[in-house]
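Next come two complexes, and both contain chain A; in the first it sits with chain B, in the second with chain C.
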Partner chain A sequence: MAKIKLLAELKGHHDRTWQISWHRSGQFLCSCSGDRTVHETKPVPVDHPLVWHCLDVLEGVHKRTVRGVAFSPVGDDIATASFDGTTGIPSRPGYECVAPLEGHENEVKSVAWSHTGNLLATCSRDKSVWIWEVLGDGDFECVSILQEHTQDVKMVLWHPTLDILASASYDDTIRIWRDDDDDWYCSATLSGHTSTVWALDFNAAGDHLVSVSDDQTMKFWRCETPHELTSTGATLRFRQDPTWKCVATLANHHTRCIYSVSWSKIHGLVASSSGDNSICIFAPDRITAAHGISDINCVQWNPSPDYADILASAGDDGVIRIWQVTDVE
Partner chain B sequence: MVQYKINANPKIYETAGKSQRILTETEQDEDCRDDFDSQEIFDLIRNINDPEHPLTLEQLNVTQCNHIAVDDSANYIRVEFTPTIPHCSMATLIGLCIRVRLLRSLPERFKIDIRVREGTHQSENAVNKQLNDKERVAAALENKHLLEVVNQCLATAA
Partner chain C sequence: MSFSTGLSLTDLNDYISPSQSCIKPVEVNKKSDIQQAIKIDQTGDYYEVAHDGTSTKLETASISLNDCLACSGCITSAESVLIALQSHKELLDVLDKNRVARDEGRLDDVKVVIVSISPQTYATFASKYSITLLQTAQRITSVLKNLGVDHIFDTSFSRDLSLIRIAREFVDRYRTAKAAPRSATRSETSLPMLASACPGWVCYAEKTHDYVLPYISKTKSPQQIMGSLTKFFFADKLNTQRQVASNDTLSTITPDRIYHLSIMPCYDKKLEASREDFFIPDFNAKEVDCVISSGELDKLMEERGIDFPNVDEVPLDRLFTKRNLARAAGTSSGGYLEYILSYSARELFGLDLKGDDVERGESSLLKIETVRNADFREVSLILPDGSVGLRFAATYGFRNIQTLMRKIKIRRCQYDFVEVMACPSGCINGGGQLKPGLLESITPAVNGSSEALGNGPLALKAMKPKEWIQLCERVYRTLPTQDPMANLPLQDVVHDWFGEAGLDSQKAERFLATKYRALERESTITAVVGW
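After this line comes the complex of A and B, so read on.
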């Protein structure tokens, strides 16, 4: 069994905290909340694990709940997704606010940067997924609007090493989006969940995906690359998209909606968080009442090898908690 | 708000007028732990006003005490309600009003499921899914117009 220790509690938000995003260095994080702000919080997790400072509070960027926040995997840029229908890109230094990205018809639910930081994806209750090209100097150009989900899109996430996007929806499906010469299309629809898919994450290699749902299950999906079709010496060139097959379903770990999942790229452990107030860690372990009586909306493993044992969580109580998970065999 | 009424002539039910709650001796003893029960939850929502009629949810038989399940020790409440007609487009709004009323009145520890009574609405699953998606509920309550409508329905509840 893993040993789990609560290292710190970061208070400051005045409403439900929705999401956290670690900086790639693992040395600070951003959180967003129903209080319409984003907090950038810096600890020194190893040297001073209990001492955290709020570095910056981003206020006035959004008029409504900030639902999503994402650190760029390459720079120090952050992107924010808000119920006010816009995506914010507060720029350095001091996160001065440049013009927000507009276009979605209503609430933006999630925002994600591709592995190179060259592409940004957003999704919305308007059922669409937008892909933006990052042109630099605060310029973004919408390169594709993908409208195949039939309901509210809850989350977008890029593949860890390729320009492949995954989206999760209220329509109970996950879709995988690829580009063919800048033409973005849906290459796979993953069906199996029986209610809203709230979140997903790739493993380090990007050949597996984990998803969590309101149906209280967690599903693991494996990417299967089709064999080249050959017939009588001539190679038939079809657009052969990999398929994703559900290889495992974990039920009975959570008793209410599962809102978030994080698959560590360092040690491979998966953490999930739920409306049943608990965080589960697979190799299965559990932190009960991890935020007291509150729903836990987000869990994120620290991305840095130096702090790989650190897990952060965000709850309806407006608190961010930092956990250390050790002795995992 | 609505130009024509979706259900112009709803059936009106006799109501008890006041709470049927019978206070027992232990409940009046301030040193005794007094768990929430379905009658108490019912009392919180029975006087919510219908969005299109000057009638309460109790008068329209939309909410009934025995359709409320409470497990205080497990911090769990399930409220089932019955739309006046199976195609009622107000069902989501009524459910939202019940949710907001309970959110405002009960301790935070409770997890609350609001559902349409099985077999009483043609879009039962869609209504239930929306009412129990806390993200969509949060977004709805940031909509000023909608919040006003909800507050109007709740004005009579207290």
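After this line comes the complex of A and C, so read on.
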């Protein structure tokens, strides 16, 4: 049985906290909230995360709730997704102010940087997924607008090592997007959840995906690359895309909607958080601990090997909690 | 509400359509005065919940066109109504009514029926049947004449007028912009000037990017210029002819006595025809009464059992039709970039540059770049001293429009003119064009098209959409090019219609220019709960 210890509580936000994103160094994180701000927070001293210190409060970027936040995996840029319909690249001391990205018709739900930091994806209640190329110096170019989802898109997330995008939707499906030449297309639709898919994450190798849903289950999907097709002339022209097969479904761990999932790229543990006020930690399909106080909107493993046992969570109580998970055999 | 059979709603997502919900979609049947709750289920159906808890599914009210025009709540639904109201059935109705009126001797009720056809329509049919555009035009002319259409015109004729007007507008605007001190306000003399011929783009700008409206050229699109030409200039001409024919007792032809239909590559042209600026209040008429897509023409022929490969080829109408169907240099989207650049190179810098040079990119005066993808081109005019004289761009497709909008919004747009088109690949790829999936009955392609397939005569239906579009574009470009100014019959029209002052006259302004206005969107953002 793993031991889970609460290390710290960060009480800066004035409304529910929605999402957390760790800086790639694992040494600080940012969080976003219904209070329309983003906080950047850092433990002092760095390797003993008991006392946290707010570095910066990013205000005035958005007129409504900031629903999503993401640290660039390469630079120090932050991207924010807001219900005001825009995607912000908030300016911080030492950074140039960049005009927000517009285009979505209504609430932006999630934002994600690709592994190189060269692409930025957003999704919205308007059912669309947008991909922007980051040209630097505040320049962004819209490279694709994908409209295959039939409902609200809840989350977008990039593959850890490739330019492959996954999106999760209120239409109960997950879609995988790839680029072909200069345009993007839906290469796979993962159906199986019986209600809204709220979140997903890849494993470190990127050949597995975990998704969590309002149907209270967690599903694991494996990527299967098809064999060379022994085809006749006419079918040769069709590209073969890898398919994703559901290899496991975990039910009965959470008793309400599961909102968030994080698959550690370091040790492979999966953490999920739910409307049932609990966090679950899974080592290969076994539940080892549950914990919690209020609706938990987000869990995120620390991405750095040095702090891989640290888990952060964000809840409706407006508090960010920092956990240490040890003794997992 | 039923859609014309050639059209399904899925055809509409060629440009923009994340739809919003209608704000008055239900007709609440007031059976009692007691307030009842309305609930919406997951599929978007509406239910009326009575006090005893029983719920009744509500019928979606049928919304009249007038409702929608009066309400900008959800423009997308309004659009589908506008689109559904215009179908090829309407043309057949008008022709039937004409027949009856003639039989009953009510000659004043007979309408003059005019059909204007876009060159993209010819290109899509020519590609499907592997015949030339001229043959295509001659066969379509024969089909329509047999149905009872009186005149068939070619919108590349009015497009020349649109090109000439917009090039002059650009030069004026450029001079004003350069003479004025740099100003932070976005005005009707700011650069870049943006093309106005694509209603998909114009409507989108009106709905979502009002700051961009002052940049859009005031020149009417080829379709709407053809509308003025037929309803005013041509009507006058008909009346003069009738007066000359001595024993004619017919009353005057007014705009409402002409039925003008156009055949276009996209459904957006239907919305354009319904714009309030193109309504003629004095006669309760529209410049263009009805627009159908290339696909709907195909449907019409299929319904009438017309065997297109065996249709006779008859001579084209002479009036408002370019001989050989010559095109302006440039892409199938109209050649706005090419013509304006060549015209202003001459007017502003005294340099000799032909539209053809711009199309081929063969001139030391040019620098051409594909910026990110094939649908985003930059063309610059390089002056003899090596400096950049003019920066033009063509941006096709929704995603490139987004990039352009952002550049303009943050004032990092260096272009002087941008040819903006909503469809990826431009008009040849309009949502109403024939699609490879629709071509099943067709035998292997020959001539130009087999080479497009790379390896001999594969059936067209095996083509990928991209290959099909490339083929259509190439077929379009088999037309000879002609400088719009060399369209001599057009010069005569301009002279007859606008008098000595020509395009400088007030009258020209009235018939060739239009305006734009921001459409207020109901703020759906604030109305929504949840996350």
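Keep in mind that, in the parts below, the second predicted complex is superposed on the first by the 298 of 329 C-alpha atoms of A that agree within 3 Å, B and C clash if a C-alpha of one lies under 4 Å from a C-alpha of the other, contacts with A are read in each partner's own complex, and residues count from 1 in each chain.
Basically, a residue touches a chain if its C-beta (ideal position, glycine included) is under 8 Å from a C-beta of that chain, and two chains touch if they have at least 3 such contacts.
The structure presented is a predicted model; accordingly, all values stated were derived computationally and were not measured.
Engineer: One more residue to check, A:105. First (chain B), second (chain C), both or neither?
Structural biologist: second
Engineer: Touching A:264 in the superposition: chain B (first), chain C (second), both, neither?
Structural biologist: neither
Engineer: Going by the contact rule set out at the top, does A:183 touch chain B (first), chain C (second), both, or neither?
Structural biologist: A:183 sits against chain C, while chain B stays out of touch.
Engineer: Could you look at A:67 and tell me whether it touches chain B, chain C, both or neither (first, second, both, neither)?
Structural biologist: After superposing on A, A:67 lies in contact with both chain B and chain C.
Engineer: Hey, is it chain B or chain C that touches more of chain A?
Structural biologist: Comparing chain B with chain C, the partner touching more chain A residues is C.
Engineer: In the superposed arrangement, which partner chain does A:195 touch: chain B (first), chain C (second), both, or neither?
Structural biologist: Only chain B is touched by A:195; chain C is not.
Engineer: Between chain B (first) and chain C (second), which, if any, makes contact with A:256: first, second, both or neither?
Structural biologist: In the superposition, A:256 touches chain B alone.
Engineer: For A:127 in the superposed arrangement: first (chain B), second (chain C), both or neither?
Structural biologist: The answer is second: A:127 touches chain C but not chain B.
Engineer: With the two complexes superposed on chain A, say which partner A:274 touches: chain B (first), chain C (second), both, or neither.
Structural biologist: Once the two structures are laid over each other on A, A:274 reaches no partner at all.
Engineer: Taking the superposition as given, does A:295 touch the first partner, chain B, the second, chain C, both, or neither?
Structural biologist: A:295: touches chain B, not chain C.
Engineer: Show which residues of chain A both chain B and chain C reach, each in its own complex.
Structural biologist: Shared contact residues on chain A: 64-65, 67, 83, 106-107, 109, 125.
Engineer: Which stretch or stretches of chain A touch chain C in the complex?
Structural biologist: By the definition above, chain A touches chain C via 18, 64-65, 67, 83-85, 99, 101-103, 105-107, 109, 125-128, 130, 133, 138-145, 147, 182-183, 234, 237.
Engineer: For the complex, which residues does chain C have touching chain A?
Structural biologist: 13, 17-18, 20, 208, 372-374, 398-400, 402-403, 405-406, 409-410, 412, 424, 462, 464, 524-525, 528, 531
Engineer: Note which residues of chain B are touching chain A in the complex, please.
Structural biologist: Residues 75, 108-109, 111, 129, 132-136, 138-139, 142 of chain B touch chain A in their complex.
Engineer: Residues of chain A touching chain B in their complex?
Structural biologist: Interface residues on the chain A side: 16, 34, 64-65, 67, 83, 106-107, 109, 125, 152, 154, 170, 195-196, 214, 256-257, 275-276, 293-295, 316.
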